[in-house]
Amino acid sequence: MNKGRLEAFSDGVIAIIITIMVLELKVPTGPEAHDIGALHGLWPVFLSYALSYVYLGIYWNNHHHMLHATRQISGGVLWANLHLLFWLSLVPFVTGWMGESHFAPRPMALYGAVMLMAAVAYWILLNSILRTEGPDSVLARAVGRDKKGKLSPLLYVLAIGAAFVSPAISGALYATVALIWVIPDRRIERVLADGHATGSPKPQ
Amino acid sequence: MNKGRLEAFSDGVIAIIITIMVLELKVPTGPEAHDIGALHGLWPVFLSYALSYVYLGIYWNNHHHMLHATRQISGGVLWANLHLLFWLSLVPFVTGWMGESHFAPRPMALYGAVMLMAAVAYWILLNSILRTEGPDSVLARAVGRDKKGKLSPLLYVLAIGAAFVSPAISGALYATVALIWVIPDRRIERVLADGHATGSPKPQ
Amino acid sequence: MNKGRLEAFSDGVIAIIITIMVLELKVPTGPEAHDIGALHGLWPVFLSYALSYVYLGIYWNNHHHMLHATRQISGGVLWANLHLLFWLSLVPFVTGWMGESHFAPRPMALYGAVMLMAAVAYWILLNSILRTEGPDSVLARAVGRDKKGKLSPLLYVLAIGAAFVSPAISGALYATVALIWVIPDRRIERVLADGHATGSPKPQ
Amino acid sequence: MNKGRLEAFSDGVIAIIITIMVLELKVPTGPEAHDIGALHGLWPVFLSYALSYVYLGIYWNNHHHMLHATRQISGGVLWANLHLLFWLSLVPFVTGWMGESHFAPRPMALYGAVMLMAAVAYWILLNSILRTEGPDSVLARAVGRDKKGKLSPLLYVLAIGAAFVSPAISGALYATVALIWVIPDRRIERVLADGHATGSPKPQ
């Protein structure tokens, strides 16, 4: 089974999702379109875009590392991957709605719901890969107890609830999840590096 | 002839088709756009999107397996592949129309017509590859009598006719085809696995 | 210099151009949108799309074969390739205008002008590759006297002129160029095959 | 760490950015849409598109050469690359605004601001790669004193200021930066060629 093609397809879809999201930043038209004030109403859309860009960057990075440590792809993994990409493909829609509505409660809650589903789909994908790789694989050791993977869904659920009380708290929670994950891949990088170090200790 | 570039191009087109389809899910605007009711009218569009996403996922998976078992690409295969991608490229349009019209008869029938043409194009592609691979190839054995490949067009024709009587039956038939195919690649996977097993029996 | 990345980038751009073009097929909305008559006005757009799809398929196929027979990529080739992609990127615009205007004279002439520029850009790319490959290269022999490459620009010029007299003649000329090129790659395929045959004659 | 996937993802994003930009060239509709005059208002949009196309071509070329001379990719490089792609993803928006506003002062200044941020992001990416590659690497020697990399941000700042006085001067400055960079890769190409020549002198 061809790992390269799975990676290429996922990269393509994520690259397109990221770029299509920017289309929500609509060029101002009309009489006062040349004024800098025309951009004022775009701030929420821009902020939403930046947040989702970071999220998709995190998914791409983690996906990259996960597959780098994967040796075999089964038919089930192909579908688990498509399932993840399905939820990610809804990100431009919920991002656009959140921005357009200037962070209204319901759009903020829906944003969290899609992110929660994407996290669940990532968890399913990870586990369907681990099933083929086995508990002693490089990937299994790299993932370990997966604290971040367990914390994020919890924070999403909190953020969904908070959206109806205070969209600001909800937004802060989304930003927190992003910050937690921005350097997540280090885990796998470290184990990979350790593995190499153990196998062939460097004279330093 | 370079198989990799054919795969990459097809992946690119399918990835873009999938992602462009989601643009039909238009962000609600206007006075009541922040309300969850604003999403009510989007359900048919979302359902249509999900159905077409599964279809395109099936095509991508089958295409992946078919080319994995292919050794040579002729000029005719390049065009047969472009022909398949042409019909798939019309999927966002018919999906959008089906959703926007809330599953009206004519859009549902047109959806089936495009799916029928895509199935025919896939059949042509498969056969132009089989012509070069020969009847004893891994691919030929994997495809076998191709029951699903023969059943789907029949179901599409039924669904097109049913659209004018009951769009619900038509939709159920489309969902049935999707379900039949969701795990189709097993065929080729199994033969490939058998081939390996026969060639080099594992001591287990 | 990395040939693979040039191919991948070109494939990506061409795949996106093809798929973005289909967005001109706008889903009918409004009171009579469910009626099949709603599609009536879309025929010119669909026809234009199909024609441009074939043209882009031809460019992709020829590009594929040309680079397959190329061994080295210089900095000049990178820019010549970007120049070709620039003109191809305008194809969705001229295709959309031609379709929307129901084949009016000026849009038809502009279509030919963009196609003419793309043909010139392809010719420049081919020659900048040939300069590095040399006159005895596989590519140089495959291209030969390049009759089709010389005929197409002439037909485009005729079609541009004819657009102001009879758009039908103009359209027929565009279709003719497409037909001439649909099996153009055979040239290179044959020489490649001959080369192999000479090197290792098959006992048949 | 997989360099190929970083390249493929970046190529995908840049290819999509370039192609999405062309969507700002909107097909004329309405009573006089078939007239050539309908294109008159599109000239600023077309000019903006052509300028940004050249800029993105430059980024793609330089990115291509930089990574060609790179041997290892760290986690930091992945994020530095995503940071660069973020600013490039805003290019279609600022290009569209500049064109739509017929080169009004504020849109022209914003264009420069995004270009400045992209240049800064490129500089960060280059330096995070150089940190892993080391001062004696092929890349470090190829980059040298990086005069162009230091000149461009200065010209962008000048152009941002000039936008409020004379958009024409601002535009001329943007065009100048593009011209300076159109053949920038020669630097790395030359050192690579020199390196090969020194390493294994050809008997010619």
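Order as written gives the chain letters A, B, C and D; numbering starts at 1 within each chain.
Operating definition for what follows: a residue touches a chain if its C-beta (ideal position, glycine included) is under 8 Å from a C-beta of that chain, and two chains touch if they have at least 3 such contacts.
Since the structure is predicted, the reported quantities are computational estimates derived from the model, not experimental observations.
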For this session: Would you pick out the chains that touch subunit B and also touch subunit C?
Result: none
Problem set entry | Numbering shared by both copies at the subunit D-subunit A contact, with half separating same from different | different
Problem set entry | Separation of subunit A from subunit D, taking each centre as the mean of its C-alpha atoms, in whole Å | 26
For this session: Measure off the straight-line distance from the CA centroid of subunit A to the CA centroid of subunit C, and report it in whole Å.
Result: 37
Exercise. Taking each residue of subunit A in turn, which ones touch at least two of the other chains?
Worked result: 8, 12, 16, 20, 23
Seminar exercise, completed: Within the complex, subunit B is touched by subunit C residues 7-8, 11-12, 14-16, 18-20, 22-23, 25, 27-29, 33-36, 39, 50, 53, 57, 60-61, 64, 68, 182-183, 185-186, 189
Exercise. Mind pulling up the subunit B residues that touch subunit C in the complex?
Worked result: 1-2, 5, 8-9, 12-13, 16-17, 20, 23-24, 75, 78-79, 82, 85-86, 89-90, 92-93, 96-97, 100-101, 104-107, 110
